[in-house]
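The two complexes that follow have chain A in common; it is paired with chain B in the first and with chain C in the second.
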Partner chain A sequence: MRWTRRRLGITLLGVMGIAIAAVPFLTDDRYLLKVLTFVGVNAIVVAGLALLFGYAGQISLGHAAFFGLGAYMSAYLTTTHQTPWLLAVLAGTGIAAAGGLLLALPSLRLKGHYLAMATLGFNEIMSVLFVELRGITGGNNGLSGIPFPSIGSFVIDTPAGIYLLVWGVAALAFLGAANLVRTRPGRAMRALHGSELGAVASGVDTTRLKVQVFALSAALAGLAGALYAHAVGFISPTQFSLEFSILLVAMVVVGGTGSLVGPFFAAVVLTLLQYVHALIPGLGNDVASVIQDWEVDISGMVMILTVIFLPGGFAALVRRKRIGVAVDGETV
Partner chain B sequence: MRLLAVCDLSKRFGGLAAVDGVSFDVHEGTIKAVIGPNGAGKSTLFNLITGFDRPDVGSVDLLGCNIVGMNPHKVVRAGISRTFQNTQLFEELTALDNVLVGMHTQLRTGFLGGALRLPWTLTEERRARERASYLLRLVGVEQYVMTPAADIPHGMRRLLEIARALAAAPRLLLLDEPAAGLNNRETQSLARTLYRIRDEGVTIVVVEHDMGLVMEVSEEIVVLDRGRKIAEGPPLLIQKDAAVIEAYLGEEGEYV
Partner chain C sequence: MDSAALLQFAIAGLKNGAIYALVALGFTLVFGSTGIINFAQGEFFMLGGMLAVFFVRLGLPLPIAVIAGVLATAGIGLAFERLALRPRRDSGPLVLIIITIGGSMVMKSLSRHVFGGSELSLPAFSEGPSIVVAGAAIERQAFWVWGLTIIAVVGLTWLYSKTKFGRSMRACSLSHEASRLMGIDTARIVMVSFGLAAVLGGIAGVVVAPLTQTSFDVGARIGVKGFAAAILGGLGNPIAAVVGGLTLGLVESMSIAFISSTYKDVIALVLLLLVLFVRPEGILGRATREKV
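Right, the complex of A and B next:
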């Protein structure tokens, strides 16, 4: 058997999966596990955004709002109505999907900048609602005392348990997305991105497809938000601001279009940047606080530099390097 | 049998009658050519038939059903596929994936089936790949299966777009200037490919400026000039038609 690109890729992914799964068995540093859990949460959102932006070519600056919708829905149901966790998370996912559908139906007729503006506006409106709907969201104080994930009497209340739960979901999200892009719906997304005329001429209902991908990515954001709420136990409106939406888009842009692995690594790096002081012990406090204060700006800069000097993101860089080295691998 | 009936089709852009009261039939299993000077309305005619543009008046019947007003992706399902004068390939996708997208209407895998890789999804996927490879061989671009469309030589790109159009299993195939930019040898091979496609049971309407190719492959020719149909008939009669010669001499004499 040849050591093809595909087998190499699968092997690397396997090693990475084992490494991620092994973390809680190697450390019991609660803070580190919590930070890495946030990485997993962001990765779930990025799986959806990579499909929407990186594959289907549709921009969204509103995904923090879908994340917030999922978080508030699940938090509200579990804290005030004692809804079972699983049901509440599903409801959070569902309401984000529904929100995505409602936003997508009118706005996906818009292109480029206009779609960006529509989703940006949506994020701002939701930010206001998260504050103003005090009865549900707790206003500026947010919601606290959100219970741990549980199914029946089985409660996941350790950092390690929550870490594994979130990363399990993240793994499924990426696996599903990876399968999707290699079958009919995923090919149609990439076609849409390449030539909308060509996609239509191939019989693809492009409007319907855009709405579907948008709703799917909103659902994943909602799911991540719900998981996040139960992982931290406290949520407040500032966590779901436009800044977070931009950070999420930066992850996909930097990671690369038409790729899942690229955005995944970008999500890891750009999330960890926020917690750099805790992760690199030797780092001076002043340096750490500068990085923290400028997190969004740094991500923004990296995004701009990527767009200018590395269109297609890091994934494109890796692909370019490979040309001439291995054209085999993929089999028909 | 009458496959397509275009009746009194008209389209104005502002003050310009791009297509003006054009009628003709296409019979199943034939190759028909549509010719005419630049700006005669040939591409617009294709857009009207395939739903990319809506006619002001007139009807397009496919096997007796009016398809005017249908969304272009539905027209594909109804049985008409097309290529574009400016090729509309998916540049980053391989030739194989381009054709697999063309099979969109023939496959059924949805979001759930795709994400979960259900057993029947895999079966469908394997069959689709076999069919796509066959179509690439049929048009003669099999050596580029795994090459991104952007890296495929010009002439081969036109053939690839034909393969993608065939992937939707159309009854009627509309080709907009398939020989544009091809050299002599490639044009010869295109002619053979068109015969092969017709022999597979696909009816063809081809818009083409290469008169050698038109006279060789087509059984019937429709001639447009400034939006109007000025002649229709077999190649030998069209070559001698006074109105046709007049129309072409008014533009560029060397065509006929």
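Right, the complex of A and C next:
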């Protein structure tokens, strides 16, 4: 029985992958491609956050800052030092990972949810630094003229090319994460989410594990940020606010614990929420601006209602139907 | 730097510190009865100031508007606990924390819709020029800040140590199960502690509004600082929250005096991380060992 379900799941994922890859060949609407590229960028961040929240049971309110770190690092290196694109993106990923490590080490040594507050503070600090370190970040004006992705003389400068690049990385991120949760560290993470005491008693170094997962998720956020910078060509401090961090948390919470597919779909839906007018051609600009205006309220309410009525998120809803056993987000 | 200028900075530090202390007290209260960090604490601060301005604009006299602002904030705190947290009160801390994060998101965003996105200001509680002490000028509003902080600390200490209700709260912080078995209505304790935390946040927000102006997005930053103050002193008792708040305020204003004002907000977080690293139980806290 399990075998056929597994095959069904893989088939569905394959169809989805082909559909995503086919988009740029079906449309040449530049705006639509750009919006869908943003969805891919957010999906990369969510792959890491889903591991951190849904498997390791930790909340981060600072992933917009890691995203910003990656974006600024890569943008700065390519615009002022003419660093090759690939190196700059790697540097952006690296600095975000280092920042994550630095933040997680002190706060994860403690029981309780100090990390969430420390990450919130970190996001506020980075918001100040993105504005104040003008020599590097360009202050409130931000950085513009960020070059397109390129390797050697091969430049990816079409919306379709950038779309495929971002979604390729997103696919790799999710495949990597899916692999990780099936291996030993993945089982350790699940044990940790179930009961920290139990995990410790079974020989899991929980602190080390949490720090590693946090650094990995920060690295993915930095990578996504770097890709974003080269996709849009312009970045400014307001794009990396606490609000974005909380929105990312809303995506994984709504998507569900112990799942990668759930957070992925939540990321798609919640990101598209602010760009509905790109998807539905008949929709007037006034409707779109109302939705954009109320986006945070909607996401916040959806997050609260999910946690109250659907503990474990939408992924648990699907799982519950399938297995026929109540799965509580807390006690999986 | 001459001594009058230094005194001026110290006074500014103690004034901000008292505000941090009030916010820290709110964290301490909720942490005490539920064991969770309430991420909406900073929004209570924001709501206090914004609602008071709103009531002044409705035409209410200032004292009434201020009290109404604090009471309305308390109402929101109670309603938030009853509607959003109570349904999941038997869940682990992670779930409850997420609800407070969602709550702060909605409170902040709704405030922008209701009160607008611009900075608002409230008239000072008592009019008149600043009072000059040894060459340093002190705004009259600062005395309101200190006075209300003292009242809040004395009131809370009294509540904790002398009343039956306070003893129930302390029992809750040790064990909900045991408290329930002893006949304590734990649900009521949790709700009231959210109400009181909202009152403290509201008072802080309303008393500082004439000094700094306020807007819909001030909650997160004051929340982090209040939490840093609570951790600095040691999460748990009211006196520690005040010691933490005043220390943080002084460190911050001395860093403005001797380093730069640009990075004053950075100081609070660095201090928070240092304390978490070196002495997680805070200045006055007692070390506890987690048994495995």
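Convention: the second predicted complex is superposed on the first by the 316 of 332 C-alpha atoms of A that agree within 3 Å, B and C clash if a C-alpha of one lies under 4 Å from a C-alpha of the other, contacts with A are read in each partner's own complex, and residues count from 1 in each chain.
One rule holds for everything that comes next: contacts are C-beta pairs under 8 Å (C-beta built on N, C-alpha and C of every residue); 3 or more make two chains touch, one makes a residue touch a chain.
None of the values given here were measured: they were computed from a predicted structure.
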Margin query: Looking at A:Ala201 after the superposition, I want to know if it touches chain B, chain C, both of them or none. Which is it: first, second, both, neither?
Written below: both
Next item on the list: Based on the superposed arrangement, let me know which partner A:Gln212 touches: chain B (first), chain C (second), both, or neither?
Entry: first
Next item on the list: Using the touch definition from the top, say if A:Val249 reaches chain B (first), chain C (second), both or neither.
Entry: second
Item checked: First (chain B), second (chain C), both or neither touched by A:Gly168 -> neither
Checklist line | Touching partner for A:Met117 - first (chain B), second (chain C), both, neither | finding: second
Notebook entry, point to check: For A:Ile125, is the partner it touches chain B (first), chain C (second), both, or none of the two (neither)?
Noted result: second
Item checked: Contacts of A:Gly258 with chain B and chain C, given as first, second, both or neither -> first
Notebook entry, point to check: Which partner does A:Gly14 reach: the first (chain B), the second (chain C), both, or neither?
Noted result: neither
Next item on the list: Specify the partner with more touching residues on chain A, choosing between chain B and chain C.
Entry: C
Notebook entry, point to check: Of the residues on chain A, which ones does chain B touch that chain C also touches?
Noted result: 197, 200-201, 330
Note to self: For a test of understanding, state which residues of chain A touch chain B in their complex under the given definition.
What the structure shows: 176-177, 179-180, 182-188, 190-191, 193-195, 197-206, 212, 216, 258, 327, 330, 332
Checklist line | Partner chain C, residues of chain A touching it in the complex | finding: 57, 59, 61, 103, 105-107, 109-114, 116-118, 120-122, 124-125, 128-129, 132, 197, 200-201, 242, 246, 249-250, 253, 293-294, 296-297, 299-301, 303-304, 307-308, 311, 329-330
Checklist line | Contact footprint of chain A on chain B as seen in their complex | finding: 50, 52, 71-73, 76-77, 81-84, 88-93, 96-97, 100-102, 104-105, 107-111, 113-117, 121, 125, 129, 133, 145-146, 164-165, 167-168
Next item on the list: Would you pull the chain C residues touching chain A in the complex into a rising list?
Entry: 35-37, 39, 84, 87-88, 91-95, 97-99, 101-103, 105-106, 108-110, 113, 220-221, 223-224, 227-228, 231, 262-263, 265-266, 268-269, 272-273, 276-277, 280, 290, 292
